[in-house]
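The following block contains the structure, expressed as structure tokens.
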Amino acid sequence: MAESTMKAPKKRIDPVRWARENLFSSWHNTILTLLVGYLIVTSVGPLLNWVLLDANFQGSDPSDCTGAGACWLFINQRLNFFIYGFYPEEFQWRVDIMFGLLALSFAPQFIERFPGRKWLGLFGLTGLPIVGYFLIPGGLFGLEEVQSSKWGGLMLTLILAYIGIIASLPIGTLLALGRRSEMPIIRGLCVVFIEVWRAVPLITVLFMASVMLPLFLPEGMNFEKLARALIGITLWQSAYMAEVIRGGLQAIPRGQYEAASALGLGYWKKMGLIILPQALKLVIPGIVNTFISLFKDTTLVLIIGLFDILGTVQSTVTDPAWQNVAVEGYVFVAFCFWVFCFGISRYSQNLERKLDTGHRT
Amino acid sequence: MGKPMTEQTQTPETQSSPSTDVGKSDIIRVEGMHKWYGDFHVLKDLNLTVRHGERIVICGPSGSGKSTFIRCINRLEEHQQGKIIVDDVELTDDVRQIDSVRREVGMVFQHFNLFPHLTVLENCCLSPIWVRKTPRKEAEATAMEYLERVKIPDQANKFPGQLSGGQQQRVAIARALCMKPKIMLFDEPTSALDPEMIKEVLDVMIELAGSGMTMLCVTHEMGFAKTVADRVIFMDGGEIVEEAPPHDFFTNPQEPRTQKFLKQILQH
Amino acid sequence: MKKQTFDSKPAGPKPWYDPRVRAIFFQVVAIALVFWGGWVLIDNTLSNMESRGISTGFGFLDESAGFGIIMSLVPYDATMSYGRTFWVGLTNTLLVSAMGVVTATILGFIIGVARLSSNWLVAKVSLAYIEVIRNIPLLLQIFFWYFAVLSSLPSPRQSVDVGGAFFLNNRGLYVPEPVTQDGFGLVWGGILAAIAAVIGIRIWAKRRQLATGAIFPTFKVGVGILFLVPIMSYFLAGQPLEWDLPALKGFNFGGGISIIPELAALWIALSLYTASFIAEIVRSGILSVSKGQTEASKALGLPNGLTLRLVVIPQAMRVIIPPLTSQYLNLVKNSSLATAIGYPDLVAVFMGTTLNQTGQAVEVVAITMAVYLTISLLISLFMNIYNRAVAIKER
């Protein structure tokens, strides 16, 4: 077959033409461009000054913040508190190990061709929580015990979001299967459970966990505050997870169920081997998105008195020793959350696009 | 079933003699079967006997209930009245009986219904491993054997999404055969295929028919019916309208409804 | 053959192998477990409450609350009952939710459309807005507005003064309050008459179009009537409206309507946050209408405006409305973050102070959850009715 020698004319990138097409295509577009441009120019300058040029980075206490800009040395000074809370400094290596393992399990997920990234991910979902269960609280294998009331900062935020997701995955799966069950009572119970949790705000759930849970339990049995918050978060998150997974189950064509039945597979084998593997793969983006919202929602635990990253910052900016550093503190936390959430949401969007095009023909 | 069952020998290739020796080599018996969807009466008083090794083609206009009928035979659809007896097992509410029937009956669907998350080989091995509890090695060897028979052993490690429609349908046939079924059901196996792929699937089915497999095919491929079928069954409005050997069926249909149907599909 | 044993038994299958029997068994077990669990919880709770000396029942709702609330839409003072605090909290929740829904919708639609603008700069700015705002926790944004922005505003004496009518300071935003005088009834009448007239014209215009094909400019005429008739009736009645301007009295402002900073911070944060989600919904709703639809409509000779009105928007709204309502629901639930900055919403007043004072956790939590459940059920009910109404009929 002879290759055609004719090629499509290359479109040359001409900045003037580009600007005319995209910025000044009509008189109202021109006005809009000028207006928005003016706003950007007038706000970016002072912002840049505040964040970088006039900002204070050096020093050790509030009196060193002499410039007109941001007082970043405040973040620098309290960084340890923001990351580890009250976790004793000599044991912080244990937390660092967990941070490292977490990064090792999930960072490769962003790299397409990383060898064995599936196994690392699987370790992150199963092995990692077990390692953390022994490492962070300690008390076993000669590790000094660190009470959960001393945990805080970024570390606590990650623990809450991570355990919330891991624990709600199996519960949510069962609830989703229950909601699609042919047994009316099972289905009804699952629907009621899911809809009640989804209807109420997380704060009420947290209040309930911290105030009512002690009443529910037999006398003498009690959980620490963190454990109670985790129970509340898990129940609440399971309901959302169930709905995400149900979406995946619904997307599996009926033919798959029928083919599995025709091959003689029973209910649990059919679900475990054929339906769930496909459905869960389909809803990974959805699961990642619920993780992002849970990650943001964990900040609410400061209302019941736990010191997550926002809690540690909030308690510092109201500290009389540091005055007028609220904006710096909030910008710092916002930046931390933004980097996490934006990065993860990009990942899930990529996945979505891949699931959309590949796989099915 | 009131009839006492005596020990039978498996006679794979029964000659198509008139059905006088009822009970001896029957593998499927449907007696007075009815089915409703809500108030809609889909299947009306169906009676059918299929002998070992018999090849039956079911045809009829769309909505005539032919697919529903063969889906009742492995209980993908539930019937409400009458009896279905497959390989001496009656299909009732007993899950063990449903399971044992499904083990003996293979099915091929219109839309293939391969499992997209498993490779071709895994598709074929899945059921032997988990239902028949065959060791993996053995199951894989069997699977390769059948993939060879449907002429696509080289695709064993690909995923279904990477194959053409005709190849997928041949994998689906191999997958069903891996359970070593006694009966194969085909539910319009070629109607979702592009014209150039129909032949490769029909060739596999013809080869299978030659090996003595009991087959029930819902299909519109009249050429296939003429060359392979022992009997052609024409259904309309949920009833069996006519049942005849292919030669009689195509040259001398008795019922006006059959004549009308044949006229419609054979003229262009 | 080996399976004949089943076959020769004319009786039905053994009960354990009948899926129907199994289903009933499982369900009975499930019910039993739920009841047993519920009973254990209730039993534990009752004995715990007894040992702690907490009373039970809803009698506390009639007791005097004895605490003040900084803002209430219904008349309230500290001598009133706990039942009253419930209503104060509920109305405050509904107020901030309603305000948030309105502003978030307007802002969200604008940003969503701007995201698809042909103007590169506008599209990128709205993209940046969406990506920044929705990836930052709402609570943090509320804190930012409340602690960082609003509390750094000047004190009442140095208020930001806009035309002597609007004042902004660290105690809140003060705006003039309209006070209706005698004869304002005529203006209300004018407004009602205008609405009725527009509806009438619309029906008449539709009928006429169906009969004769002539198109009446309903929109322009309707807008004209809606503005002109009330304004005319206002002047006819002798301008029966006065403004109560806020004024500095001592250390604080009096008169006018005041928006306390707690409400303002919550309102701003809820609106901005929810708008970023609504913008994405609007964008994907508009994109979901396939290009083929626009092309087909243009091929039929419909001009751009009509294509948008008759083909694109009706289809896009079908996609937009369901997630939009769930965003509204989220906004209502998120308004409970009020607790963190002390805006007296239902959770802060009732689940917070009232619960702390009475100790009757079970009753208070149950009532609060029931309120949110009711709101959510009502919204989904309307949602389902709407969905049924607009669903595209398919085979």
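Annotations for the structure displayed:
Letters A, B and C mark the chains in the order given here, with residues in each chain numbered from 1 onward.
In this section, a residue touches a chain if its C-beta (ideal position, glycine included) is under 8 Å from a C-beta of that chain, and two chains touch if they have at least 3 such contacts.
All figures in this text were calculated on a predicted structure; none of them were measured in a lab.
Put simply, the chain closest to the centre of the protein, by Cα centroids, is A.
Summarising the inter-chain layout, the chain whose CA centre lies farthest from the centre of chain B is C. As a whole-number value, the distance joining the C-alpha centres of chain A and chain B reads 50 Å.
With centres defined as mean CA coordinates, chain C is found 56 Å away from chain B. Centre-to-centre separation of chain A and chain C, using mean CA positions: 25 Å. Annotation for chain C: no residues touch two or more other chains. Of all residues in chain B, those touching 2 or more other chains are 95, listed in ascending order. Contact residues of chain A toward chain B in the complex are 253, 255-256, 258-266, 269, 273-274, 277-278, 281, 358-361. On the side of chain B, the complex with chain A involves touching residues 74, 76, 95, 99, 102-103, 105-107, 109, 111-117, 126-127, 130-131, 161-162, 175-176, 179. For chain B in complex with chain C, the touching residues are 1-2, 4-5, 7-8, 85, 87-90, 92-97, 100.
Listed in rising order, the residues of chain C touching chain A in the complex are 23, 26-27, 30-31, 34, 41, 44-45, 47-49, 51, 117-122, 125, 131-132, 135-140, 143-144, 147-148, 333-334, 336-337, 339-340, 347, 351, 355, 361-362, 365, 368-369, 372-373, 375-377.
By the touch criterion stated above, chain C contacts chain B in their complex at residues 1, 3-4, 6-8, 10, 12-14, 17-20, 22.
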